[in-house]
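Consider the two complexes below, in which chain A is the common component and chain B and chain C are the respective partners.
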Partner chain A sequence: MTEAMIQLGYPAWLRIEHWINVLFVTLLIRSGIEILATHPKLYRGYDSKPGTEWARFTRKTMPTDKLYDTLDEEESYSSLVALPGHKKLGMGRHWHFVTVIGWILTGLAYYILLFATGQWHRYIPYSWSIFPEAWNDVLTYLSFKLPPLLPGQPLDAIQKLTYAGVIFILAPFQILTGAAQSPAVEAHFPWYVRLWGGRQGVRSLHFVGLVAFIGFIAVHLSMVGLWGWPQLNALMIFGSVRELGWALAASLAIIAAIVAVHVGATVWSLRSPRTVQRALGFIINRGRLSFLRPMVSRQHYSPAQLSTEHRVNGKPPDSDDYKVMAVHNFVDWKLEVGGLVDNPMTFTLADLRALADKQTQRVMHNCVQGWSSIGEWSGVPFRTVVDLVKPLPQARHICFLTMQDTGRDEPSAEGAGQFYEIVDLNLAHHPQCLLAYEMNGQPLPIEHGAPLRLRIENQVGFKMAKWIERIEFISDYHGIGEGMGGWREDNVFYDKDVEV
Partner chain B sequence: MGATDSIRPEITILTDDDKERVLRQVRRRRGSCQHCGGEQFEVGDALFLGFLFHSEDSDAYMVALTCRNPACPTPRTGIRLPRSQLLAS
Partner chain C sequence: MAVLVSFYRYFAFNGPRVITTSGIVILLGVAAIRLYWLAGGFLLARYPTYLAVYFAVLVTAAVVASVSMVIGRRPGLVKAGWMLGSLGSVASIVMYVVSRTAGLPGLPQLVDRWDYPLGTFAMALAALFVGLHFSVLTGMNVAYPQRRYWHD
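Showing the complex of A and B:
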């Protein structure tokens, strides 16, 4: 075994990539578990109807006599398994996305070097006969013996197939199933989501990939132990079997450094989430705006695909003024549109209905928590309102102010104050950017934002403000709230731009 | 008639008897319009609050009242009632 491995060699780049990969994969696993914790249920198909999950990682039960939302279903996992743990989805997303950028770049370098240096011989099978050999190897392991190595190669057949599967199938699978969960990708390429069996189908597959990675790590470590940990460890440190003591010390130092990164990332995220949000968001946002912002929604789901129960995130304004307006069908509600515009305007619901031909779109709603539902939304294209109020040249963003007082209305959310969200002005011209006053052919239900909500179909759901009462065109958002671009950005550290 | 002109999905339609019960409750509570002081109201429909709003009792409704004073600047108001005082058992 050892001689064969020495023949193929363990070049420095391969050893360095191995340890970098350990860091990235473990960061991805922990941050992925944090993301899972926010909606710890898995479904098939496109939507997340309560009670249809095929797997759940929570014991919470929801009330049947009171409106609950998906924030109530969120779980708090320990920092031992989740990065950073303790219901910090915003932090988990930042770590997951920044790590995946590093992981993809590392993987690309690995592929290039693998084929440029001939190291691909280590993993790529030469003939179909490897499959029966691999099965024999499995039987041999099950009889507590070590199978023979492939002639002139460093691995046995099952090892070679497994490594090939992880490197050339599982890793790309995780990247592709991750990309399929981006609302921008889903909105622009609905066929791509269909390919994976729907939004929840692909989320489930991504989870299966996570389990496969954890399983691989466990078996990989067991194999190293079975075949001679000191020797193999020395190969992964020095590239040859020598100085086993120093190799042990070096590997322990590397593992300690990886653990230190995890501890540092956890403590930093829990103690100073704003700085994590700014630092990691700066890195992620470049790629996000370059690659995903241009993806315009072109979804047209069929009526048969509408979700029978569209989930809810956020609770309605719990004020008497709102309830009185609602019982009178929002006759007294008014929408003010102002700020940096040439022609400030005020609209009633009737005004909005008369403003333009009603636009209807059947689209998938992607919650930041991972659930999804398909709904039919009708209303006035937002660009119609924009054209009427005529934004001034210095207007660059749009602030949607709502009637929701989060401290009063949403006990499960961290933070308080009036809910607002800010989007870039260029999104207003997207063809499926809509001010919706109907859902599924009915007046917009209260829990979904009555009387008016925003739909921007290439963004995550929380940007689509509900219970809107004012729209303000602004040049800069840093003086609003905590200056991060919205209530959730201010309070739970999400990104302002959420194409993923 | 468009969907937005139609009855909201959360609205409970009240019968004439239900509306009479509401008016009795308004009179019993000496209810008056907070904007003009008027005491005559037209009763509309009801919104079940108990499910949608976490601060509300599980049997609470908001009933639409419209002040009959033509000079009232804000005639639309409401009264919160439990199911037992609103709907026939």
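Showing the complex of A and C:
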């Protein structure tokens, strides 16, 4: 055995990282499928106009003669393929985000150790001759034979190129395309979304990356089988070909442990989602507030980029009071702003229109389900209202109370009660934080929140409360509803802060 | 089986031009390999005349099928093109497997000769076409000139 062979063996850190990677990648795949299930359709470009999708992973067909919303389109996948399955987007998001943090840290440690120990030689080619050698390897496999390993290395040429592609291209690709789906990243760096072909383009690319990973895993396992599973298994357990029986037992034990984590995560999420929300949300939120909260929206899409159709998540209030107001163009509607403020105020729609010069912004709307569209929103900057009512020093959050009664209005939703959402006070000062009364140059349509809705462009859509009737400045939200920071947080277990 | 069929029905794609282009590229690949063999690139320098006729028929069928698949004005012809492509592909797989197992008349030297990359590749292409056609027949994919009409 040459010195190079010894150096490029299977050091302990590499073996440990391999098995940790198996755990993280499988968790990412299952939780990613859960996220896909909530809007199981893929599009190109920026928006999600119904009928323009290039792929569907659903058997549902939506009605064309009555209003439906995107919650009706949600699929309930089996726990065998999705984590946790059964239409639990909130749980899927928690698992996906917490796992990606672990996966990125594992990957960084892997990169550092690869280059610190010289193990990069096993993956990174340093001679052009590897390409003809890889071609010869392909021909050899097509001859139903095994090609020779590269001299002093544990892989053949095509394997070396493939691993390099997965480790240095595919994995970063998934992270970069994942980041491009964060509303905060999109709002702060619109060019970055453009780089990937638009919001839906990047969502599709992220899915293609998932398929590539699944394909790699299938070929990887086939190769292990072809080259001698007992021997390679021993290498990945002990670092050398010895004690094949014990290696088999150890690998089965590791696989059983990984399966146990999956089963545990699934059962925990289905039985006690609140504790998952609290525990995983605690971890995720640290990273989210540190890296994504500072990203302020600076989007200015052109009129030509406006979406021709804007999907709807959430059905309008189905009350007589609301209908009467709607018939009279909301002249009787009033917005109360109070709570921990020096100067509580009440506004009519006319008051809001007269309050300040109308601010108009053409921005991307990111639904938590993954669909998107570009709309033009006009209204009064929220900071104008904040300055008028003068929040007291102890005010830290803002609660938006709406006219929607979810139990009455939204049969597809889990839970009941008045819809409300809470945002942090510091978001109110963002230049594109808007109380919108117009959409695309027209009075705000009923399905999009008439007469008034919130726009906070670095957040996911559900935070932008529609059909607002009251705004309260508060010091703490734990006594409101279930205390999680909003109706969706209370009932479908999303995070309160949703920059991603 | 019912579970598998149910699972399969969750997948639907809307890329008729991509599917038809892929089908044609695969079929032309199948044809090109046989043309190469006819032109002297075959594993054996000498082989029976019926094999040359078979290669020529396969090339003709692949080209005719490819042309039929893009004549969008007559959907019946398009379907026939896909069917002809699948028949040719299945025939090529059967011929290849028989030549390596039971053997073909006058070609005993091909038995067990699986170590022929171009032959394996040709077989894989044919299998790919059959799989693609299956996905069109079962509705997972649509081929030109079909459209999805997803209006919901």
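Keep this in mind: the second predicted complex is superposed on the first by the 493 of 500 C-alpha atoms of A that agree within 3 Å, B and C clash if a C-alpha of one lies under 4 Å from a C-alpha of the other, contacts with A are read in each partner's own complex, and residues count from 1 in each chain.
The definition used in the following text is that a contact is a pair of C-beta atoms (placed from the backbone, for glycine too) under 8 Å apart; a residue touches a chain by one contact, two chains touch by 3 or more.
Owing to the predicted nature of the structure, the values given are computational and were not obtained by experimental measurement.
A.B. asks: Classify the contacts of A:P443 with the two partner chains as first (chain B alone), second (chain C alone), both, or neither.
C.D. replies: So A:P443 only meets chain B here.
A.B. asks: Is A:M62 in contact with chain B, with chain C, with both, or with neither (first, second, both, neither)?
C.D. replies: The answer is second: A:M62 touches chain C but not chain B.
A.B. asks: After superposition on the shared chain, which partner residues are touched by A:P11: those of chain B (first), chain C (second), both, or neither?
C.D. replies: Touch partners of A:P11: none, neither chain B nor chain C.
A.B. asks: Have a look and say if chain B or chain C is in touch with more residues of chain A.
C.D. replies: Touching more of chain A: B.
A.B. asks: Which partner chains sit in contact with A:P132 here, chain B, chain C, both or neither? Use first/second/both/neither.
C.D. replies: In the superposition, A:P132 touches no partner, neither chain B nor chain C.
A.B. asks: After superposition on the shared chain, which partner residues are touched by A:E53: those of chain B (first), chain C (second), both, or neither?
C.D. replies: It touches chain C, and chain B stays clear.
A.B. asks: Contact-wise, after the overlay, does A:S378 reach chain B, chain C, both or neither (first, second, both, neither)?
C.D. replies: Once the two structures are laid over each other on A, A:S378 reaches chain B alone.
A.B. asks: Residues of chain A that sit at the chain B interface in one complex and at the chain C interface in the other, please.
C.D. replies: On chain A, the chain B and chain C contacts do not overlap at all.
A.B. asks: Can you tell me which positions in chain B touch chain A when the two form their complex?
C.D. replies: Within the complex, chain B touches chain A at residues 2-4, 6, 8-11, 44-47, 49-56, 58, 62-64, 66, 74, 76-78.
A.B. asks: Residue numbers of chain C touching chain A in their complex, please.
C.D. replies: Going by the criterion above, the answer is residues 9-15, 114-118, 120-121, 148-152.
A.B. asks: In the complex of these two chains, what residues of chain A are touching chain C?
C.D. replies: Residue positions touching the partner: 40, 50-51, 53-59, 61-64, 68, 75, 138-140, 142-145.
A.B. asks: What part of chain A is in contact with chain B in the complex they form?
C.D. replies: Within the complex, chain A contacts chain B at residues 65-67, 315-316, 318, 320, 323-324, 326-329, 331-332, 349, 353, 358, 378, 409, 411, 437-438, 441-443, 445-447, 450.
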